[in-house]
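As written, the chain order gives the labels A, B, C and D, with residue 1 at the start of each chain.
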Amino acid sequence: MIILLKPEATQSDANEILDQISSLDLKPLYMPGIERTVIGAIGDERKIAQLHLENHPMVETITPILSPYKLVSRELYPEDTVVNIDNIPVGGDNFTIIAGPCAIESDEQLYKTAEIVKEYGGHCLRGGAFKPRTSPYSFQGLGLKGLKILHNISVKLNIPTVTEVIEVQDIEDIEKYASAFQVGARNMQNFRLLKALGQTRKPVILKRGISATINELLLAAEYIVDEGNPNVILCERGIRTYETATRNTLDLNAIPYIKQHCHLPVIVDPSHGTGVRSLVEPMSKAAVACGADGIMIEVHYNPKVALSDGQQTLFPEQFRQLLINLKPFIKAAGKKIQY
Amino acid sequence: MIILLKPEATQSDANEILDQISSLDLKPLYMPGIERTVIGAIGDERKIAQLHLENHPMVETITPILSPYKLVSRELYPEDTVVNIDNIPVGGDNFTIIAGPCAIESDEQLYKTAEIVKEYGGHCLRGGAFKPRTSPYSFQGLGLKGLKILHNISVKLNIPTVTEVIEVQDIEDIEKYASAFQVGARNMQNFRLLKALGQTRKPVILKRGISATINELLLAAEYIVDEGNPNVILCERGIRTYETATRNTLDLNAIPYIKQHCHLPVIVDPSHGTGVRSLVEPMSKAAVACGADGIMIEVHYNPKVALSDGQQTLFPEQFRQLLINLKPFIKAAGKKIQY
Amino acid sequence: MIILLKPEATQSDANEILDQISSLDLKPLYMPGIERTVIGAIGDERKIAQLHLENHPMVETITPILSPYKLVSRELYPEDTVVNIDNIPVGGDNFTIIAGPCAIESDEQLYKTAEIVKEYGGHCLRGGAFKPRTSPYSFQGLGLKGLKILHNISVKLNIPTVTEVIEVQDIEDIEKYASAFQVGARNMQNFRLLKALGQTRKPVILKRGISATINELLLAAEYIVDEGNPNVILCERGIRTYETATRNTLDLNAIPYIKQHCHLPVIVDPSHGTGVRSLVEPMSKAAVACGADGIMIEVHYNPKVALSDGQQTLFPEQFRQLLINLKPFIKAAGKKIQY
Amino acid sequence: MIILLKPEATQSDANEILDQISSLDLKPLYMPGIERTVIGAIGDERKIAQLHLENHPMVETITPILSPYKLVSRELYPEDTVVNIDNIPVGGDNFTIIAGPCAIESDEQLYKTAEIVKEYGGHCLRGGAFKPRTSPYSFQGLGLKGLKILHNISVKLNIPTVTEVIEVQDIEDIEKYASAFQVGARNMQNFRLLKALGQTRKPVILKRGISATINELLLAAEYIVDEGNPNVILCERGIRTYETATRNTLDLNAIPYIKQHCHLPVIVDPSHGTGVRSLVEPMSKAAVACGADGIMIEVHYNPKVALSDGQQTLFPEQFRQLLINLKPFIKAAGKKIQY
């Protein structure tokens, strides 16, 4: 940790801070300069963070040296982690297709859509039973009834399922009825939820918050892993920028960046990441190419009647074409084609 | 609602959409142009939203005419709403000072700080018992124990209190021990929490999400009011931008914009909004000047030892000076000085 | 154009605006609603823009129907435009590699680097003679001397060249010594420069501004084409967001979005778009996959001694590997491999 | 400067870098840690920047200690600089009102508007002769003819003038006809223009770029001062964020931040900073309150017919009220009221 003092800091300010660092059995470094004094602290940065030196009125800035996450870091575990959603592996040299409607609307809607997902090569079925919506006047999901529909279809078609968890109290039901949890962008920093999910052993697909930095995403994953659940899959789904031509700006830089710094699998959601149906296929290809371990796609047997996010949802024929057109890119990326 | 069709849309696509609009007893308008066809729908936009025309493959864009919120809109209630935190009015011609430490750390810390808040002219005491923290390795708050400390000091010093609510299950305890709820930026779109708070009648200070638009903030307030609780106070606390010199970018544009479009009181949190101790006073003055109904300030009897957000926390003497220096601006703004 | 009036607008305000629209021989549409009045104007939106109805105090918002650009739009020219940099085609089914150092530093540096570019399969050599730098204390480029070095090496190695133009007065020299102009991100809205480049016939690589929307990029291209030069190549090079892990956020959404709305070729600069050497290869693959017509890469015979942007500049061996590893993706994208 | 090496860096990499630092007669510091090695370099950071250590493949990050600007820094000159626009002082305890139309449209338009500016208390007249416009189909300004109109009215009404300079070649004309240069947001990093303005002695109002950081603005000012012209006035005019309710997000945090770090005067442009007429007055008050040295306001004798930016331009009566309503805030801020 590097501590830059203000120009008006005195020798006694510096000594006070050096003593605090020594008191934790860390090694302090004193670097007086002509214009400014710099102090270094060598050792465990999580330990030195307890001193809250940023509060000191004579401290101008503090620069950490190490990344704030540890368990999810590739420095700690250099190998790729593979997370299994039931019998479907995510990560390593697998490329996984998770698809389905934004929201579960009815038994018929989900069944028809799940058949399409399965037939054209999808590995997991997604569908939301609990829907967080910006407006109180929008469709809010079927709740527990939706979960049961999801479960029945999962059994009938033998396909693993992913559904969004919004609150700690839903965990038990979802654990019973679905194969994996999805944490939505709005809940990426719902730390109680993360901790509670850390107590389970089911896979958690953790979506990046709409204005979360990559480091904040990795710290959120750290919460889950730190509680004991290593089965975390990260998901890039677009960030909020000034650009309005697309609903979000899909930040694909994040994929190789995360792959280089973290051992967890990373997938991409080009449906939310663009918000535009015609951009889903090209951005799925780009996701494969830059190293993603899978994609999560919104598809509906008839998007014209979808109750949410219809404008970014693929028609069945578009989904079929997408999977066909992805194949050469998956092969070029050195991943297995499992469909 | 204005619906722009794609260039390749046919007459029959237009007719299909016109029929759907008519089917809801709304008035459709057909505007064929040389390059594009435009369709209008006159009437309740919340009704027409049910058609999900954005899903139609021949629809290029949909532009709503009316604002998506209703109950919080000044078009509906032109007068200023005044919300009372116990006996302290917020809104109208009042200017309210809410102050205290970021987190409740101990009985002694809160008592010493509360004395300062009260003595120098603060109206309400703030302090967090439940702290959502980006890193799992940071201080997470005292929980219920903290709430009880807050309550005791509130009684002893006769000062109303504000504390953050993180989850539905905490509502009951907070309702018992504090005068008002605070919804943090990370929970602005935690819709279950908003709905549950709508079931109470205690004031809710709703902070703007770190990347929420002003319209999203107003829609979040609509959730609470729609459930029956009209006592909502909005709070601007800085948004996330590319600028790194400050922790957040305090968006003061939002204050007059909200005052012109919404009847609820609006306060400003310059501590989080800047993240820099020396910017708190000037930005508090600016908040007064552009029409805010109050400020929420972080102060600590000794910020050097604060367990969170110390670098933006005022020293007691800075807090005293701030309130003295704010007075002429409060007067210039035509607000009452109550301290 | 759709004009939404304020709630307090009267019938006479509406009539005033309807008359103005009629006066231009456009077709006005009057849509009185219960809560608001909406007015439509059907016809050439550039014509109606002259009325400056946005200035009217009773106008709340104006929503254009048509895109503001015309000449670069695919609605006008549905076919892909192919632009030739000397004998190198950009666009259509070609995939073009433009590479070289950020700045021309010396004859030796450029020659050594150009040999590498050419040997490993690059089609065009890039190198800046005029460098706009954030700090006055950074290296500012060799100027005319650099241009001459670029020209000599172009002739010796028979490779077309691209160099940045900063000001109108440099156009003549660059036209003489280089094969194509590059307009940097900072000059994307230097409209005089764009107009002057519109008077030439040499290709212009127009980089997206660091906070330009896609529509603003297309309007900037419109400036050049409108003056008579159709040879414009667009370049995505990353936008400024709140994310700090990477220097910029490469917005690959822009590639398929532009390809769907505009007939000009689009290339990607993953060196500036990420600012991180190890992200250049994966993001180059992603660029190919989502439909880019080429990439622009920073490479240096010895990046350790580069005078600018060295941290994002590839070592020769990295560049060689990049071109080898790109091949299967170029093939998967259905583009010709010309190296 | 603090240099963090990658985990895989060897002792010999560290030695190589330490030797380079020593070779410049700077003091190197070697801090080997358990997980990482950190190297410090004490001395002039502009000198060490020549080493381009960021290019080294074993360097992970470089953190500068000192601010990159020097001449504009308050560390160097602790006193407020006062810049005179003809006889009008800007900075210190003065509060200056610069007002006028966005663009000079005709002799009559500017005269009528200038009379209003002068009569109600404005100190300087603004008006653009050269207008950079996003669309090639918008009004581009009267050019030299506009400058002459500006000059005549300046003489007739005895009021100093400010006008935008777009290109080096315009400097001579503007120097002849106007009292001060304005550099627009799009040209904040047009470094040749900045250098050329550094050769003059007329005041330069330097507007912050639409996505420029505060540090980049200060570095741009440094360019001008470094060339010999100390008469620079900074101007905050709103930055681009994801928020769409306002045209830009006026970043008032920047005002006290700049006042604390830089000795130059800073003014605020709430017309562009909000893009909304009704927000101009409240944000002008906020600008005063947080320490701005002046405001730049768009006013027009009849905004309904303005050829550019009419929706943010004040009507004469609004301008009159603004100046009246500002007075108590200017007084509260301890500034002189000169009108």
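Before moving on, here are some points about what is shown:
What we mean here is this: contacts are C-beta pairs under 8 Å (C-beta built on N, C-alpha and C of every residue); 3 or more make two chains touch, one makes a residue touch a chain.
Bear in mind that the values here come from a model prediction, so they are computed numbers and not experimental data.
Using the average of C-alpha coordinates as each chain's centre, D ends up farthest from chain A. Taking the options C-D, B-C or A-C in turn, the interface that duplicates A-D in more than half of its contact pairs by residue number is B-C.
Each chain gets one centre point, the mean of its Cα atoms, and the points for chain A and chain B are 26 Å apart. In terms of their C-alpha centroids, the spacing between chain B and chain C amounts to 39 Å.
Put simply, the C-alpha centre of chain B and that of chain D have 31 angstrom between them.
In chain D, the residues that touch at least two other chains are 211, 240-242, 244. Interface residues of chain C facing chain D in the complex, by the touch rule stated above, are 46, 49, 52, 54-57, 59, 68, 132-138, 140, 166-169, 186-187, 189-192, 195, 210-211, 216, 219, 222-223, 226, 240, 277, 303-307, 310-311, 313, 315.
Of all residues in chain C, only 211, 213-215, 239, 241-246, 249-257, 259-260, 273-274, 276, 278-279, 282-283, 285-291, 328-329, 331-333 touch chain A in the complex they form.
Of all residues in chain B, only 2, 4, 7, 29, 31, 33-36, 38, 40, 42-43, 63, 65-66, 75, 211, 240-242, 244 touch chain C in the complex they form.
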